[in-house]
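I've put the structures underneath this note.
Shared between the two complexes below is subunit A, which pairs with subunit B and subunit C, respectively.
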Partner chain A sequence: MQDKKLPWYSVVWAIVRKDALCELRSKYAFSALTMFALITLASISMSLAGATISSALAAALFWIILFFCAMAGLSRVFVQEQEAGTLFTLRLYANGQAVYWGKTLFNSLLLIALTVLVIPLFVILLNFTIPLWLELSVLLVLGDIGIATVSTLTALMVCRTGGKGALFTVITFPLLLPQFLMVIASTTRVFDGILPEVQDFVFMAGYDMTVLIATSILFDYLWYD
Partner chain B sequence: MQGIIVELVNVSKKYGRRQLFVTINRQICPGECIAVTGSNGSGKSTLLKVIAGLIRPSSGTVKVHHNGHEVVADKRMPCFGLISPELIFYNAMTGYENLHFLVRARGVGLSDEQLMHCLESVGLTGRQHELLSTYSTGMRQRLKFALLVALRPPIWLLDEPSSNLDEEGKKLVKRLVDDALAQQATVIIATNDPEEANYAGQKIALV
Partner chain C sequence: MRRSFLSILGIFIWTVGVIYAVFTIVPPAEGLGNLVRIAFFHIPVAWVSVLAFLLSAVWAFQYLRTRKPEHDWRSSAAVSIGFAFCILATVSGATFAKLTWGAYWNWDPRQTTIFILLLIYGAYLALRSAIEDEEQKARIAAVYSLCSFITVPFLVFIIPRYYFSLHPAPVINSAARIEMDKIMLAVLIAALIACTAIFWQLLTYRVNSRQKREAAAISGEEGVKQ
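For the complex of A and B:
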């Protein structure tokens, strides 16, 4: 039998494809994320009863919704593997780094898909206008990557410690705080129609790069030990 | 990568105060089959996991040599293929999808025909596109062997390999072990079944 060694990105893509296939058939994580987002948005919209909210409050509410949506669904990438008993199989047959990048990419795509769904609903239900769509899109992608990256690592941590959900949010929040504060401040400016400073984008991109590299290094210790 | 030597040097394992096994010293050469026997809870499965590097021994080391050079611990995983009751596949995927994914996860690219050939060799033809949740335990066991046939690892670690298999399945296991040994693979079987233990030329008996 003639077999060939696959390049690294193909192995990462195999992990993403597997997670997407399982998610499409179970619809667990995306349903959890979507339902949480819809219920929260509807609750906020009804509470406001048509009142106008400030840009700062809108930005904070938007990112809080995304953060707690992430907390509701992103840990599934590892918790589901552990509950189904497939984590052992994955440890045995998949390279740790491929698992890390595959799961992070899957979580990022899942969160970006949710953001695409939430943002129009946010605009409609909160009767809000967004003047700078392009800048907002960049902020959303950078913020989502940060949340997904940290969540992937903490998901494995809670999965290995058996702490599950409650611990997941507690560990993830402080790690995300710098990105969270910056992205809320920048989103407020965008909602006000003011261009964020270039340094803000650089900070967020730098944060994403730093956590991607740091969590990639830390991941192996959690995966193999 | 065939022709791997597995060397156990003073390998011991204990959980708390409970000593599972002490100072196991053994060298297993390519083309050799060794059986690890013992009663339930004696540490057979644990020893396989120690050899695979999934569990650290309490003392001693497991060395893996290839062409006279020691394979460092973090490069060993591709050398091993493990069949164990703990090896669970994805219920939301078909047998073929599971095999396709796990082969690619190991970094090996096989064509559809090659994967189908692996499934055919373990008697799963015709059922490969059904969800794993519809598979019997015997069919799942056959799928584990299809994975080994596809990956052809130089070290086969088999924990109760014939469990849940019918007579035909047991013959299949014997044939696959013989084929692996003929290709100079190193085979280690943890078993309580005397028939399986007889596949091996040597034994490690755990108390």
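For the complex of A and C:
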């Protein structure tokens, strides 16, 4: 077993690198997600036709766009391995935890990259000014990590069902809902120019930590047959 | 067979007694009038839907630990029966809301919570129906059940902070004092017992019939081999 010789972080890093390399070669996930985000944003912006929207609505729209982008692309980490027939090889080479952390890290990075792209588009197309950049970035990163973590576990579940795409959204949404509600509420505050309370950040970080630990434990039950 | 017949009979008589008590003994409540009688259906049903969710997570954990299929049968039976109770709780709650607050649905914290419970139940059942292999189905469903069980407590923190509630305070409120007429409380407890017993009876029936089916399948296979 190769992972016995290598320290865990190099195995995790190898998986992230492998996924990033595949992504850079095909550019499928990122381009599809970007287009997806652009289409949703543009359709909202077009239908609004220059009308201003309240910050509560903007925050909800923003997270809905990100959530559905994530649902369109994040299941790929396992579904694609399943389709290519490499899932079994991956199981031979790396242990479950390394795969879990590698895939979660990759999903988080992908989602953060997407967020970085969506934010300027959001500002441009919806004619929106964002007053608190630092707080917003912390919020976005915490929210993205939550979505990426839960999606990694549910992606593995979905890949066992034969990649039924609609199911991915159905099973991920209820698990994400607590983070989703909190992140929307805090983003609304940030858009209004009010600092979110410290407890809000603690809540979001707490949710992220909890799901990271819980899904990493539960992942092994799915990974090994 | 005889035992199950007796328990069904017992539950039936008890439930009839509770229904009788709800419509004759319970006095109309202040401000709510006769509508309070809905609560004697709504509270027990809502309680069972939460209990079923909890039990399914416990059995899911047991399944992952021991890998005995019985635990999975119990867990999935708890979810499917819990789902039915959850729908009943949602419908009775919405009816009560329409009659007292004037709208079927207004995203009251309790409504949000029960809605999320419905979503989780629905997602669990959809996930199960999508997997063919029995062993994989059990394993993935158990992981999902546990994962949803872990995220639900977060809702308890967030929802009351951001949504204003019209829902009557729970029977035992935050001061841990029971503010209810004695007769009402007695009837409510009786109704809770009746509802839990019905749930348990349905659960045992489902698990037993599954057990019989599996046993028949195994003996059938042996018969073919011989």
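Note that the second predicted complex is superposed on the first by the 220 of 225 C-alpha atoms of A that agree within 3 Å, B and C clash if a C-alpha of one lies under 4 Å from a C-alpha of the other, contacts with A are read in each partner's own complex, and residues count from 1 in each chain.
Here, a contact is a pair of C-beta atoms (placed from the backbone, for glycine too) under 8 Å apart; a residue touches a chain by one contact, two chains touch by 3 or more.
Keep in mind it's a predicted model, so treat the numbers as computed, not measured.
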| query | Once the shared chain is lined up, is A:L177 touching subunit B (first), subunit C (second), both, or neither of them? | reply | second
| query | Of the partners subunit B and subunit C, which touch A:L57 in the superposed model: first, second, both, neither? | reply | neither
| task | Give one of first, second, both or neither to describe whether A:A14 is in contact with subunit B, with subunit C, with both, or with none. | result | first
| said: I'd like to know which partner A:A84 touches here: subunit B for first, subunit C for second, both or neither. | reply: first
| field | Residue ranges of subunit A touching subunit B (in the complex, touch as defined) | value | 1-6, 8, 10-11, 14-15, 17-18, 21-22, 25-26, 84-86, 88-95, 98, 224
| field | Residue ranges of subunit C touching subunit A (in the complex, touch as defined) | value | 64, 116, 119-120, 122-123, 126-127, 130-131, 136, 139-140, 142-144, 146-148, 150-152, 154-155, 157-159, 162
| task | Using the touch rule from the top, collect the residues of subunit B that touch subunit A in their complex. | result | 52, 54, 74, 77, 80, 82, 86-93, 97, 101-102, 104-110, 114, 117, 147, 150, 152
| message | Please output the residues of subunit A touching subunit C within their complex, sorted ascending. | response | 150, 153, 157, 160-162, 164, 167, 170-171, 173-179, 181-182, 185, 203, 206-207, 210-211, 214-215, 218, 221-222
